[in-house]
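Below, chain A partners chain B and then partners chain C, in two separate complexes.
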Partner chain A sequence: MSILLVAKKDFQDAIRSLTLVAVVGIFTAFLAFYTYYEFTMTPLTTTTAFDLYQSTANAVVVIGTLLGYKSIAGERESGSLKFLLGAPHTRRDVVLGKFLGRVAVVVVTVVIGFVVVSPHYVMLAASPSVTAYVGLIGRLLVPGVVFVAVALALSAASRSTTVAMWGAIVLAIVFAFAWDMVRNVIESFMLPPDAGIPNWFRLITRFNPKYFYLDAQTLELGNAAPFYLEPWFGGVIVAGWLLIPLGLAYLLFERSDLA
Partner chain B sequence: MTAIELRGVTKQYGDVTAVADLDLVVEEGSIFGFLGPNGAGKSTVINCLLDYIRPTEGQISVLGHDAQEETLAVRERTGVLPQGFDLYDRLTGRHHLEFMIDSTGAADDPEAIAERVGIGDAIDRQVGGYSRGMTQRLILGTALVGQPDLLILDEPSTGLDPEGAHEMREIVRAEADRGATVFFSSHILGQVEAVCDEVGILQNGSLVAEDTVDGLRNAIEAETTLTAAVEQLPDAALAAVRALADVSSVSATDTTVTVQCADAAKMTVLRELETAGATVEDFELTETSLEELFLTYTDDETDTSDHDRPGEVLTQ
Partner chain C sequence: MNRRHLAVLAVVIAVPLFTIGLISPVPDYGPQLETSVYHQPDGNLNEETPTVAYRNLSTDAQQLFDKANNNGPNSAAVPIDDAPTSWATLVSETAETNERYVRKNGKIYGVYLTWDVPAPSFGTVMLRLGPLLGAIGLGTLAGFLILEDSS
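And now, the complex of A and B:
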């Protein structure tokens, strides 16, 4: 109950932010452009809704990080945390409530973008599919939620928004961009060229929350895949990304002086 | 029953000791004034009561609950007006009151509370547009939600004009009449003197006086302030006067010496000045006020910028 009250208040506050309006606007514009680009500029292959995933996931990682990094450090800095904790809520309620509130904001942002762009998709796609479109949104929300958790964890663990901000910037760069570059370099130059991609390398790729869904099925590996490439292991990876940062941050936050 | 009990509470920040081995007891149903100059450690103590910060050592019990272990039980029965707080600029006064009402499970009416603290007409405006005083009134309103057994108010009149400060005191009295314990801090004696049953004076993290307001007054009624105009003032004269048994404070400018001492000691002081080579040309005697007493207790560290002068508010 306490957690939901904190979440509700956080959501009420966040949706009134002009920054959020701007983020939703920019995301929607990006999505509209990107949809157009994917469906018209690559005529040689059949484009499906899922081809929109890669770059959109990067955008969602950035949005999740943006929503999370200030969530607790900002309130600690300004002093509104004293108001929040003046009410009968525990520090755990604050961490979890804020997390849920920000998750709601990520969901709203992504859903608004996709709903606005949907007529555009219907016009451009050769065979538009509601299932594929909704499935894409669902899959995209996973990295969004994970990065809210990670950035919020940084925010709960730092004393100042500056530290939390730099941590969040580094995270977003590493997981949204640098990861793919490093992976491509390794794949192209360091792995033996003929042997195919080793499974351990696939696992490392999958550790990036953006690629949680890369399992034996998606990769069409047949039945010979190890357990860590089975679909359920994606759930383990995502759960790890949520529980470890939030858990560690909660322990730090619980022990620290807030004023 | 005790509402608040501190035993051996120490709070250190690195090498700095903000509060040193503090013992303090506040009885249930009383209005306790927690006085001290800025930086004395008042907010540190209050932040420990509310578990915003953790004491380095010592035990704190609030309403019979351990303040660090049973935080929720404390918060359920306590209304809080902290210092250095902020509210949510984009939310309205009503949002804030409703959040507190939902959180405490109280059956209060946001509008009635807003009326009570004097922001009834601004309840649907965003808090970002509130003045400092209105914000202070709103958070006082949220502190009153659910008829708490204990009100902890840290410098509640910050940002309030004299009339606002007066209304705040009226509310404090009404809450005490209802049966609530009120613990409030201030660096301004006048605010505390008018409304408190008991007063504790904190200086450099230690309690230097704890008594009823009347008790403090009695303690100083026998005190006299002696102001002497002198021709010259050797350093030795000041030291000699300071060393006298019944002298509580001595200050001096080039040709004036101000001494607070027991009434019976005034002639001894004058004689001592003469003996030490300060020729007294004229002198004046006044009764020490509670304000001067407060200044005496907090003399060495008192921030004497105009804004913080206790006397300023007393004379308003």
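And now, the complex of A and C:
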């Protein structure tokens, strides 16, 4: 119950500080522009809702990270953390409550953005699909939630918001942009051109929470795929990305001095 | 006028803007055959280079040739579906350019065929995207005003 109280307070703080409105506005404008771009300026291929995933996932990663990095470090720096822990909340409640509060902001942002842009999508897509559109929203929420957890761990580990901010920026750059560049370099220059992509390389790709869904079915590999490319392993990867940062955040925060 | 009234005003402007953005026509960005015609001075061509007599071109091809030749930039573009079949089939998304030589009135012209997808103009893009982004901006402003008013 205490966790939900902290989460509710955190979500209300986001509304009061106008963070939620600003993030929703920026995300929706980006999504409207990107939907227009994908569906009208790349006319040579048939565009589907899922073609919106790549860049939108990068935006969601950045949003999740930016929302998470200040969650604990910000309150510690302003001194309000002492008041929060003065109420009957344990440190575990604060970590989980903060996590749920920030996740709620990510979910509301993504859902409002997609709902506002949905008529735009229906008008532009050759064959609009509600299932594909809703599936895209669900898939996008995963990296958003994961990066809230990762940024929260950084926030719990840092004594200042500056350190947490730089850590969050580096993380967002690595997972939203650099990972794809390194992957492309390895694929282009280090893998034999005619040998096909090895499964270990697919696993490395899949370790990025943005690509958790890349399983044997999506990649059309048939039944010969190893266990780590089966759909359920995507759940293991996401669970790892959630539990390890949240566990670390709790341990670091539990042992840290508030002063 | 208090903040709540301003928020209502922002929403009242945002709704028709959003609708205008949605119903604005989506321009057709279909591929085109761009034809450029240049006079080839004598001696520039190898004798074995195949040329086609102007009179042997189809009527469509003759019209496109003349249009390009008479245009200021010496080029003309038509949608690939409306282009002369004999020329349209020479280019594609993967083979974007081709070259032919046409003989007319004793002169030889190089005809450069290019498969091209025109980039939409800024005005065309903003006709649809401008009202949409404006509506989203006004909606965000309304949200700010309402939250500031209630706090």
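For the reader, a short list of remarks on this structure follows.
We adopt the following convention: the second predicted complex is superposed on the first by the 257 of 259 C-alpha atoms of A that agree within 3 Å, B and C clash if a C-alpha of one lies under 4 Å from a C-alpha of the other, contacts with A are read in each partner's own complex, and residues count from 1 in each chain.
Operating definition for what follows: a contact is a pair of C-beta atoms (placed from the backbone, for glycine too) under 8 Å apart; a residue touches a chain by one contact, two chains touch by 3 or more.
Only a predicted model underlies this, so the values are computations on that prediction, with no experimental measurement involved.
Model built by superposing both complexes on chain A: chain B and chain C fit together without a clash. When the two structures are aligned on the shared chain, A:160 is found in touch with neither chain B nor chain C. Within the superposed three-chain model, A:89 lies in touch with chain B and out of touch with chain C [touch as defined at top]. In the superposition on chain A, contact of A:184 is made with neither chain B nor chain C.
Once chain A of one complex is fitted onto chain A of the other, the partner contacts of A:46 are absent, as it touches neither chain B nor chain C. Contacts of A:120 after superposition on the shared chain: chain C is touched, whereas chain B is not.
Once the two complexes are overlaid on the shared chain, A:16 sits against chain B and chain C alike.
Of the two partner chains placed by superposition, A:217 touches none, neither chain B nor chain C. Between chain B and chain C, the minimal CA-CA distance in the chain A superposition rounds to 6 Å. With the contact threshold set out at the top, residues 16 of chain A are in contact with chain B in one structure and with chain C in the other. By the touch criterion given at the top, residues 2, 5, 9, 12-13, 16-17, 75, 78-80, 82-83, 85-90, 255, 257-259 of chain A touch chain B in their complex.
Partner chain C is touched in their complex by these residues of chain A: 15-16, 18, 21-22, 24-25, 28-29, 32-33, 36, 40-41, 43-44, 116, 119-120, 123-124.
On the side of chain B, the complex with chain A involves touching residues 43, 47, 50-54, 71-72, 75-76, 79-82, 84-88, 90-91, 95-96, 99-100, 102-104, 139, 142-143. Of all residues in chain C, those touching chain A in their complex are 21-23, 26-27, 29-31, 93, 117, 119-120, 125, 128-129, 132-133, 136-137, 139-140, 143-144, 147-148, 151.
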